[in-house]
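Each of the next two complexes has chain A plus one more chain, namely chain B in the first and chain C in the second.
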Partner chain A sequence: MLVLDQVSKHYGAVKAVDGVSLTVPEGQTLALVGESGCGKTTLAKLILMLEKPTTGRILFDGQDLAQMSRSQLKGYRRQVQAVFQDPYASLNPRLRVASIVAEPILAHERPDRASLKKRVEELLDHVGLPASAASLFPHEFSGGQRQRIAIARALALRPRLMVLDEPVSALDVSIRAQVLNLLADIQQEFSLTYLVIAHDLALVEHFSTQTAVAYLGRIVEHGATEDVFGAPSHPYTRALLEAVPQPDPDHVLPDAALLGEIASALDPPSGCHFHPRCPVAVPICPRERPAEVNAPGAGHTAACHLLAAARPLEHAASSP
Partner chain B sequence: MTDVVQAPIPMPRMAWLARLKGAPVIPLVILGTVVFCAVAGGLVAPFDPNDADLDAAFQPPFWAKEGSWSHPLGTDNLGRDILSRIIAGCRVSVIVSLYAIAFSGAIGALVGMISGYFGGRVDQVIMRLVEIQMSIPSIALALLLAAALQPGLGTVVVVIVFTYWTWYARIIRGEVLSLKTRDYVAFARVAGVSTPVILLRHLLPNIMNTLLVLATLQVGQVIIFEASLSFLGLGIQQPDVSWGLMLSDARQYISNAWWAITMPGIAIMLTCLAANLFGDWLRDRLDPRLRQM
Partner chain C sequence: MTALAPVLAIEGLKTYIHLKRGVVRAVDGVDLTVGAGETLGLVGESGSGKSMTGLSILRLLPKGAGKIVAGSIRLDGEELTTLPEKVLARDVRGRRVAMIAQDPMTSLNPVFSIGDQVSGPFRYHGGLPRQEARAAAIDVLQRVRIPSPEKRLGDYPHQFSGGQRQRIVTAMAIGRGPRLLIADEPTTALDVTIQAQMIALLRRLQQESGAGIILITHDLGVAASLCNRIAVMYAGRIVETGPVREVFRNPAHPYTRALLAAIPKLGSRGRRLVAIPGQPPSLIDPPAGCRFAARCPLKVSACDAYPQTTAVGPNHSVACWRAGEAV
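Coming up: the complex of A and B.
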């Protein structure tokens, strides 16, 4: 449904997103994971058309966003909605919940008062809030309740794709599961496609059907979640998975799974961006950017020279 | 859904008066008196402000040896009652303040919002215009405008609006620069909300506090500006009464009738002081970040 084709976004010398190709399949949940600074939020902004890509194309149902007419853009806006990380920043403190939830509707339609009120109440009901919430202000709610309001707002236009930018990371651990369950429920009910931006691998493993791992503006590994977690093929993915804390007191974290800090996006390392931190780097790594090659599992790819050496280059799986 | 979340009990809406709790009392009383005199000055003033009585010229205020309670603050060179003229002068101060602040605030806020929200070249052009405007001395501009237009209340308002809109524009621009990166503005764009609606619904309500504080702090400056223009003969003209005009009239007689120039001066000082103290309080109450203003 949504296809990114060699998309880059540069801010001056910083390549926040550097030649990313990715397909978000209809009805699935694609998780984009990575450390902070890996460009995952920039990618979300590009998809939401809050920023324009420097190069590359973003296709929605085969249509290039950059080529869309005004009315096609309006249509795109209807079908793609977002839930942001911080429910304290994403709701205007001076508007009542009814106005917040009705905002996307009023941007596209002119419903009469009674039907608008009914729709707002239905939306609130969908996210588990009582109709009486409509007349209150955001500050009268807890973080989890606020995120429910944000979800109701994103749902208002019955979109097909929802971009969830760290939807629960600002919430208390105790209510994360509730909000995730809610998101899973409405995905079923409205047959939504999700693009989840996250850094919490445990969450991703249970919530997403596909996972893409980003490092310094590039996708280093992408595939079905069980393949990526079951047979991590890029050394960065392996290091990330090893660093996940286990609820087991005898579990010993491997020493220095990752060497050093993430490099500066201002001056990324040559060749494979990951090579200075990579425990298995070989001489070619600083010289050449690795191509995406097949990894175990259907549609599972990773961008690593070692993998390319180990298995013959079947084809570069960049074009969808 | 297993968990239906209980909505919190709505708080009773705060009454407007309750918000004034802790406001400085004396400045509020002074400002209230000025506004009252502007509205109903004719009812409380002991004399008509333009009633000349040459027999009663140069009477000192009541506490001086030759003073009397019939003219509590004394009379000027034409025997006009100074208290009545100060009361009548409130009207000009209030009207000029209201118009000047409303227009400069509205223009400045609109320009500042556009500049801050759109950024890029629009912002560059607008901010350079603002800087050009700020480099023109306002009194020189006033002389020019007064020569081009007719001196009077309207001209005073135009000159003040010309001088002060930049002040609003710059501060509101800065405010909008930070507001526009908020997630709720981003969401509105994602949802396809049109730009004018974003400006009105998401930005304007959030800059209202700042606007209110700026407007209150401007009152004192406007009153002094109007008095300066009127003193120079570029502002309010006879027979209208303004505090600046009173200063100008009384200047010649400063050696034998100090009260004729001191009393309107005190009125200006007290009003400005009250407006500034109230503005300071409001700023601390609503928007402590503006403290460097």
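Coming up: the complex of A and C.
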């Protein structure tokens, strides 16, 4: 449905996104994970057309966003909606919930009052809020309820793709599960495709069907979630997974002091960006950017020289 | 762990915040102890009172609004709640009790060099001459693994990464050998690989320093990897406390169980999360009975009265009427 083809976004010398190719298949949930500076937020902005790529193409149903006509773009914006991290910042505090949820509808249609009211009530019902919520202001709701309002707004135009940027990380633990379950339910109900941006690996494993791991603007590993978590093939993915503290007192975290600091996106290391932190780096790593090669599982790739050396005959064609 | 004399003993602590719209009972009858060399995890969600409990120890409450209204806080046997503010500021804060806050940028002054900030307490409070304070700063920065600290004393906070800044804050906290360290979400603002480094550092300091540590966190994974004992807070009260293994393996309070079921864990793919319905009660007018009752699957009529704390195992106690039952 959505295809990123060698997409880059440079801000001056900073390559926030550096040659990313990704496919978001219809009906799936693709999670983009990574730490600060990995480019995940910039990618979301590119997909939402809040920024333009410096190079590369973003295709929606085979159509290049950059080539779309005005009316095609309007159609694209209807079909692609977003839910952001902080429901305290993403809802206008001076609008009533009814206006917040109706806003995207009014941007695209001219419904009469009665049918608009009915649609808003239906949307609130879909996200588990009473119809009476419509006349209240955002501050009258808790964080979890606000995120429900943001989801209702995103659903208003019956989109096909939703970009979920850290949708539960601002919420309390006991509320997160409610919102995650709601997102899973509406995905079924409305046949939605999700692109979820997250840093919480346990959440990603739970929630997504596909996972892409980003490091300093590049995708280092990508595949079905069970393959990426079951057979992590890039040393960075392995390090990330090992570093997650588990709610289990007998789980031992590795001596992470070995891992060093995340490099600056202003001046990323040469070759493979991860090489200064990599426990298994070899001489080629600082010299050449590794190509994506096949890893265990269909469509599972990782950009690592060691993997390329170990499986020399299985070089992936170019991009997944 | 309980054989050790407690560094800190809190009994019946009530800290209320006076707002225009009412009195928030942020901490409403908390008992806890921390032994030397022990790490107690104070676990709960926002608004559960865990940070307010930490701030009450140092009496760093919202000015004019926050007040300790009842209870006692004893540090090595000495009562802190009646200590004059001046004595508390001079002898306790930063010296016998130190704090690491969540966001290192709010603990570090952006316009002073790291050298000034780390050596300052040694000079002005410890009375060390300039050169000795500098040496002490280098020493303590080495202990938190800042690479070649002698070369970086002249650098300013923005020249360090987030993880390094949090280590510098930690250096300032441990610098004067506190008896008690309060770490409030010390790893929450950090990326996961950097968080793992900070956890490793805190674990090493635990062993080296012998200080008691209160780790305030909402992250059960962080709590499990650092703590000896866990106290679970809900709506201003501690609902369960016990050794870390006991609390994670045999959680006794329905809230603790629900929390553990509500978080995704690595390796638990595809299972639907068990959400906790509803939300915590307002602390302006909290229910008289068990505060979790409205969300509790095991609620019975007895829950209309606040439950007694009962022991369910060695050092493991829970405030729940149905604690003894096999459910």
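FYI, the second predicted complex is superposed on the first by the 312 of 320 C-alpha atoms of A that agree within 3 Å, B and C clash if a C-alpha of one lies under 4 Å from a C-alpha of the other, contacts with A are read in each partner's own complex, and residues count from 1 in each chain.
Throughout what follows, a residue touches a chain if its C-beta (ideal position, glycine included) is under 8 Å from a C-beta of that chain, and two chains touch if they have at least 3 such contacts.
Computed from a predicted structure; not experimentally measured.
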First (chain B), second (chain C), both or neither touched by A:122: neither
Which superposed partner A:51 touches (first chain B, second chain C, both, neither): neither
Which of chain B and chain C A:144 touches, first, second, both or neither: both
Partner chain in contact with A:136 - chain B first, chain C second, else both or neither: first
Touched partner set for A:178, first chain B, second chain C, both or neither: both
Which superposed partner A:157 touches (first chain B, second chain C, both, neither): first
Common ground on chain A, meaning residues reached by chain C in one complex and by chain B in the other: 144, 178
Interface residues, chain C side, partner chain A - complex: 45-46, 145, 161-164, 191-197, 199-201, 218-225, 227, 244-245, 248, 258-260, 262-277, 279-280
Parts of chain A lying in touch with chain C, wherever the complex brings them together: 35-36, 142, 144, 172-178, 180-181, 184, 199-203, 205-207, 225-226, 229, 239-251, 253-257, 259, 261-262, 277
Of all residues in chain A, those that touch chain B in their complex: 48-50, 73-74, 77-78, 80-82, 84-86, 89-95, 99-100, 103-104, 106-108, 128-130, 132-133, 135-136, 140-141, 144-145, 148, 150, 153-154, 156-157, 178, 182, 185
Chain A-touching residues of chain B, taken from the complex the two chains share: 1, 3-8, 10-11, 182-184, 186-194, 197, 201-202, 205-206
